[in-house]
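Below are two complexes that have chain A in common, paired first with chain B and then with chain C.
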Partner chain A sequence: MTTDRSFAARIRRYRLENGLILLVLENHANQTVSVSGNLRGGEYLNPPGKAELAGITASMLSKGTLRRSKLEIAEEMESSGARVGFYSNNFTLSISGQSVSHDLPLLLGTMTEELREPAFPADELEKLRQRTIAGIRENQDETGVRAYERLSQIIFPEGHPFHQLTGERTIREVEAISAEDVRRFYDNHYGPGSMILSIVGDVEAEKIRDLVERHLGDWRGPTPPPVDLPFTELQSEPHKEWISMREKANCDVVIGHASRLRRLNEDYIPAIIANRALGQSTISSRLGLVLRDEMGLTYGINSSFSESGIADGPFTIGVTVAPTNIEIAIETALKIVDDFIANGIRDEELRDEQSSLAGSFQVGLATNGAIAGQLTSVELYGLGLDYLDRYPSIIRAVTVDQVNAAIRKYLHPEVATTVIAGTFE
Partner chain B sequence: MKKLITLTLVLFFTVIPVSAQQFRVKTHTLKNGMKILVEEDPSIPNVALYIFYRVGSRNERPGTTGLSHFFEHMMFNGAKKYGPKEFDRVMEAAGGANNAYTSEDVTVYQDWFPKSALELIFDLEADRIANLSFDPKVIESERGVVASERRTSVDANNFGVLYEQLQAAAFTAHPYQWPVVGWMVDIENWKMEDLRRHFEMGYSPSNATMVVSGDVSFDEIIRLAEKQIEPIPAHDPPPKVTTREPEQLGERRIIVNKFAQLPLLMIGYHVPEATHADFYPLQVLQTILFSGQSSRMYRRIVDGDQLALAVSGRSDISFDPTLFVISSQPKAGINPEAVEKAITEEIERLKTGSITDEELEKARNTLLANFYRQMKTISGKANTLGTYEVFFGDYRKLFNAADEYRRVSRDDVQRVARTWFASRNRTVATLVPEKPAAGKPGTQD
Partner chain C sequence: MASGLFTRVTEYEGIAEYRLESNGLKVLLAEQRTAPVVALMVLYRVGSRNEAVGRTGATHLLEHMLFKGTPTYNKRKGTQIAAVLQRQGAVFNADTWVDRTRYYEMLPSDQLGLAMHLEADRMRNSLIADEDRQLEMTVVRNELERGENDPARILDERVWAMAFREHPYHHPTIGWRSDVEGIPTSQLKEFYDVYYHPNNATLFVVGDFETEATLAMIAEHFGPIPRSTHDIPPMYTVEPPQQGEVRFVLRRAGQLGVIEMAWHTPEATHADAAALSVLDRLLSAGVTSRLYQSLVETQLTVDADSNSWQFLDPGLFTIEATISPGITHEAVEQAIIATIDRLKSEPVSEKELQKIKNMIATRSIFLRDSPLGVVSELSESEAVADWKLYIDLPRRVAEVTPEDVQRVVRTYFHDDNRTVGYFIPKEEQ
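Here is the complex of A and B:
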């Protein structure tokens, strides 16, 4: 059921001839506008031996066009307070931008110029390469990064988008990326056919449609096929590894396994509610209430179905502890998970999580940027324009039995891998 | 280019004026001294409620450093009506979320929630202000949590370690010399009586300002506050911090040796507090030098000479004179001294060289855009109104900010550069990496 104020009634959806999907939501609360979008251009498209190529290509979009240098673009955008940015994740090139509504033509003009006419200058690629490598080296010094990296190698086979190469190997592959590689990646994958663009703010939908048509209507390019990855098999037995690092005051422990949970699984929402009760919040979930509040072992402990979206990612529990508390933290966390599987979620716990999820969804839609992001996500997963209206009732309809079934289906500590990174005496 | 900049500036001032009329702020002071600011914004059915306590690490003393931050944690650990673990559970079950932060000057509690939870939030906040629990078992557990937080955010973080050492070297008398999270030895040794004394000192209603922005009416907020908060008695505020950092008489240099992949460089210059006349010129200076890819430092150090991977500079709004901290990560193989030399040259160029009209206007526009961006959301408004009320003494000064930025002249920027960015007024801290003696970190089964 929708009303005049429902999202479904307010969202305008357009499909340009070249396949680009445009979603516009007028929100005249203040004179600003936010843009969110994506297209299939993520890391899963990297050819073998070219780690980070998608991310580098995305970053290079902002390094100058055939018409202007990056400095000229930065001068103009920074002078008006407008922003546009590109970054890649595992499956998509993501686009974001914001400005005052009067500057939307400037924002869309710059975004289009960078997207359609990148120059990929060699000197900028070299600077970016150095920054990327330095960033990887810095990350390699983080216990949490090292622990998760190793876990991902154990759970996912090499070549899978969630399998993270070692830092040293990634650096070697980044060192070998050429300007031709970047250009080829762009030519092979970037195009409007898989592109979604959401614009929310103080705008008029029909005018925006015309503006986007002028900028992007005649863009042509390849359309990568939809992602088609098999589900990752669950590990057959538990496993434990230690990664020894220098001078670390805290250790990071990551416990995880393949989850087989994707966004479009029919029990996705019950599974997400189960995780909220177990460990999403350090402050109020079961794991945090015991390991942080009662035992004082850690500043942070979380569980998550990280990366559960287009593909099935891992289920993980991550905790940072002093080296002396590693074993008790692991033992206690696993005991809590076992109890959760054996006894399930409590009635009042489910009610609290439902209210919390529905409420945080409402509070989270406070900005144009957040709404634009949600519209893009709804379109990406084909959930329907009324999904944002239906979402609270979908949450409230979840039963204890559904959550408990999801817990038993998706949590498997008996075959989990544990990786501990830190300095050990 | 200039035409565009001018046009944009005009648009900002004509399209998004920040005015008292636009924001409809109403105020009331309860009998116990708590001041309340209400900004009615019915555009979405949500509310942001912030409480600013004028207590931070500057109100601590050697031996009890970090207590303010510890109390930020304790405020979530149970009171009389809502026991341990209840605050977050009840708030989240009502669809709300919360957070808090502690700085050298203030401790701020932030609640975001659907309008329907308004009465409940007042009940929760009143309970913990009036009846905070001091359960020894909970305190011991939380001590472990804070120690873990310190290990993660400072001890295991090269930036955190160097910043802590920079502050300790730059301030010799003023309490800004110790870290907000506290020294580890103090975290391990607080006594119950220290905690009680600190709570009584800092958490009087008369030492707090509440800011509410969102889908509320002023009358309902005051009704709830009079019912829930007003009965809580006031007591003496924290003793006035009278210590002023003596003038620095010469450059200070420190080295931190620590295992790291790359060196780090930080330079701290003493600069004045928020209410000082140089505050706005310093903001413009900061923007010209450090804001965005078209800023002077980025163009010279990261992009042009390619000496560093990143460079940034800023000072925080503060009650007392503080530090303007410049941070940079030199590239592999680049000596931090080369980066320091380039930074110093750019500062000198700002003092004596030309600042173009375009540069000045761009800086003002950037500051205004950032400012308006904050004022777009109810949480941004609550935070900004509270910040102006607490740090500048009157939230209405917020409505002068655009004019203040506009009034900053080229001469102002160069004057504050000459006044505050002198070598005798700075402390230079360098993290010099120690490499492993032999072999690389390995993996063992």
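Here is the complex of A and C:
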């Protein structure tokens, strides 16, 4: 029995012969278990002209297997209250599940069956296609979606995973996806070689290892190469566009530019701290304190490096306002960013953000699901099993100079693009 | 010992209820040592249900004002409430709903004292200044405008406004726009002085804490606050029977049509509440549910949802669906009615019923994974009846029979008790 309560001492990491990485953390505080995982099967692998193919393939995993129909599987899972789901991101197929601990074998059994023996029935593909298209149409009615979609087209070249096609174009491409496309995508990309599976909760690590070995140990399949995308160049000049929509009381404004920030950049943490001070929280960051608290212009204003991960995403500021307040909101937000760049973070502001980040890390790890997600992420980025133990001291070590250097390096309002979506006079 | 200042009222399923004798504050403590984190919530028994004509949205606007500060916590001193909590990495917010207003924090367990000091302080010491109200009004107005962008949300607002003529569930919690714009600060202050008192509140603490020390902390922070000198005014309006179907069309810009249907159903403490909760899950939880099968699988709709709204006073059972392109509202309505009628004529099987019972039981286990999840569920039950309602839900659900489900469908789902709203997207000019 170890008395070491560190994550490094409690996490069990196994590598199956086929390359699958399994991480298990026993937590017997309650009778639930959470599963998180991924493999390289995201949207960046879509062939040209096949938008959404990765997402549709992920959704089709739950639409029936060679052994059972969708309804038979759902009947069994829903009767136990267990769930497992697959969805695609830009870079990965993600897996997420939860059950009471004695149903974990059922959960893993279903996950394996859906992952290894999908049937991809044509009638289910047709239904999914119609729902996907209807979902896109509904989304196109949202001001925030339309503003960000346009911004992404200006910042990222077509073909880049962060470049979002227009709704109409996406619908046309979804209409053309065939059952063969889905099967081919699955055959070409899904396999255990890039798979990470994290299981946290009321379980015994050795038993879980055996169970996963039994289910997935003999799985063979392709291993797509690691993502290799060039950094996106910063725009050379500012740009502004208006998207006119009907009967919208509220407008969405998005200001942004390429960030060149990735998770593994050495100044990632200083950059994240800079953003927290500037605009992560509507009610306590610099942008929100002025635009919401002092001026009452908006219910929500945030800035973020939301996609900074495997690849470099955009830096964005998003704000919702009534049409009459668009110009003043943009002008004020940019002034605040300029001041942040010119004068940097204050000493006490950095201390507050360090304490905040450390505290929210602790609070954020309060559930099995959150811990499982963190384990998967730590493995994906190769940060090491002790990363969660080291994280608080990494945060504490950040200096004012490091944050100010990150601010100057990553924030470029002088060449930002602004897109406004809403109903204008 | 601090515990001498409290009456230990009851303990039930690991949750202890106390009453702070000096002022009548109700206290619920549940130790849960899964992570070094604690959740605290103060619930006030006041919601949009307590708002009269001209004051709609007052409860919600007041909730916003309680972040604007007290003499101790304010921006001038660099101790603004949000900043102080943010500094500790807290998850925090407040929300307003028909029967209650809640303020909560989940934060590292060594910061429990901070959250408690702050909540005790703003119970009676909030500034509620007129210049702050003017600025916060426009913030709330933007929140309202964001809601107005979504046709399904407007449809839902209209359904409640049509189904309730007399009872204040008629108006949305965020309020009518001109009320939000027009309400004077003095009326918000009056609202605060009428309802924000320890004897109209319940304090919840769930997570990693030690009971004796926490009771001492509660006594220190909340003990000095006196009980209200007035009785908390009751809300006495009763909605009369509907007596005939209500039907309307909302026509504005949008992409896909939406239908929402609603039936009046009883309050949360009613004997039929558990059966209605079962019915809700039976209709719309998961791929195997009745509405998913009759609407989504048949491609009449893109989604299908139902809700059994169980409040302090009688609420609604609602069904809403987003309609697939090329399908008429009438066809979807017929399919919904057919799904309901089948439940009237054929009792559900024991197997299907058992599935629903398992789903509800498992969900309540999952929610206990997080202290904030526990607080959230306990407080919703406390708002509409008593926190024990939440603990008892799986047991009450386990007792529901196929006949109970059939009976509630036959009792409440009749034409004269029904409101039907269509959102029809307007063609481009």
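One rule holds in what follows: the second predicted complex is superposed on the first by the 422 of 425 C-alpha atoms of A that agree within 3 Å, B and C clash if a C-alpha of one lies under 4 Å from a C-alpha of the other, contacts with A are read in each partner's own complex, and residues count from 1 in each chain.
In this text, contacts are C-beta pairs under 8 Å (C-beta built on N, C-alpha and C of every residue); 3 or more make two chains touch, one makes a residue touch a chain.
Everything quoted here is computed from the prediction, not taken from an experiment.
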Notebook entry, point to check: Fit or clash for chain B plus chain C once both are placed on chain A?
Noted result: clash
Note to self: Looking at A:137, would you say it contacts chain B, chain C, both, or neither? Reply first, second, both or neither.
What the structure shows: both
Check: Touch check for A:367: first (chain B), second (chain C), both, or neither?
Finding: both
Notebook entry, point to check: Of the partners chain B and chain C, which touch A:244 in the superposed model: first, second, both, neither?
Noted result: first
Notebook entry, point to check: Which holds for A:96: it touches chain B only (first), chain C only (second), both, or neither?
Noted result: neither
Margin query: According to the stated criteria, A:194 is in contact with first (chain B), second (chain C), both, or neither; which is it?
Written below: neither
Note to self: In the overlaid three-chain picture, which partner chain does A:81 touch, first (chain B) or second (chain C), both, or neither?
What the structure shows: both
Margin query: Quick one: is A:402 in contact with chain B, with chain C, with both, or with neither? Answer first, second, both or neither.
Written below: neither
Next item on the list: Please indicate which partner A:164 is in contact with in the superposed arrangement: first for chain B, second for chain C, both, or neither.
Entry: neither
Note to self: Can you give me the overlap between the chain B contact set and the chain C contact set on chain A?
What the structure shows: 29-32, 70-71, 74-75, 78-82, 98, 100, 127, 130-131, 134-135, 137-138, 140-141, 143, 245-250, 281, 283-284, 292-300, 320-322, 352, 355-356, 358-360, 362-363, 365-367
Item checked: Touching residues on chain A, where the partner in the complex is chain C -> 27, 29-32, 34, 70-71, 74-75, 78-82, 98-100, 127, 130-131, 133-135, 137-138, 140-143, 245-250, 281, 283-284, 292-300, 320-322, 352, 355-363, 365-369
Checklist line | In the complex with chain A, residue positions of chain B that touch it | finding: 1, 4-5, 8, 11-12, 15-16, 43-46, 76-77, 84-85, 88-89, 92-97, 112-114, 117, 138, 140-149, 151-152, 155-156, 258-262, 291-294, 299, 303, 306, 309, 329, 331-332, 358, 361-362, 365-366, 368-370, 372-373, 376-379, 436, 441-445
Next item on the list: Would you mind writing out the residues of chain C in touch with chain A in their complex?
Entry: 32-37, 67, 75, 80, 82-83, 85-91, 106-108, 111, 134-146, 148-151, 252-256, 285-288, 296-297, 299, 302, 322, 324-325, 354-355, 358-359, 361-363, 365-366, 368-372, 426, 428
Next item on the list: Would you tell me which residues of chain A are touching chain B in their complex?
Entry: 29-32, 70-71, 74-76, 78-82, 98, 100, 102-103, 127, 130-131, 134-135, 137-138, 140-141, 143, 150, 240-250, 281, 283-284, 289, 292-300, 320-322, 351-352, 355-356, 358-360, 362-363, 365-367
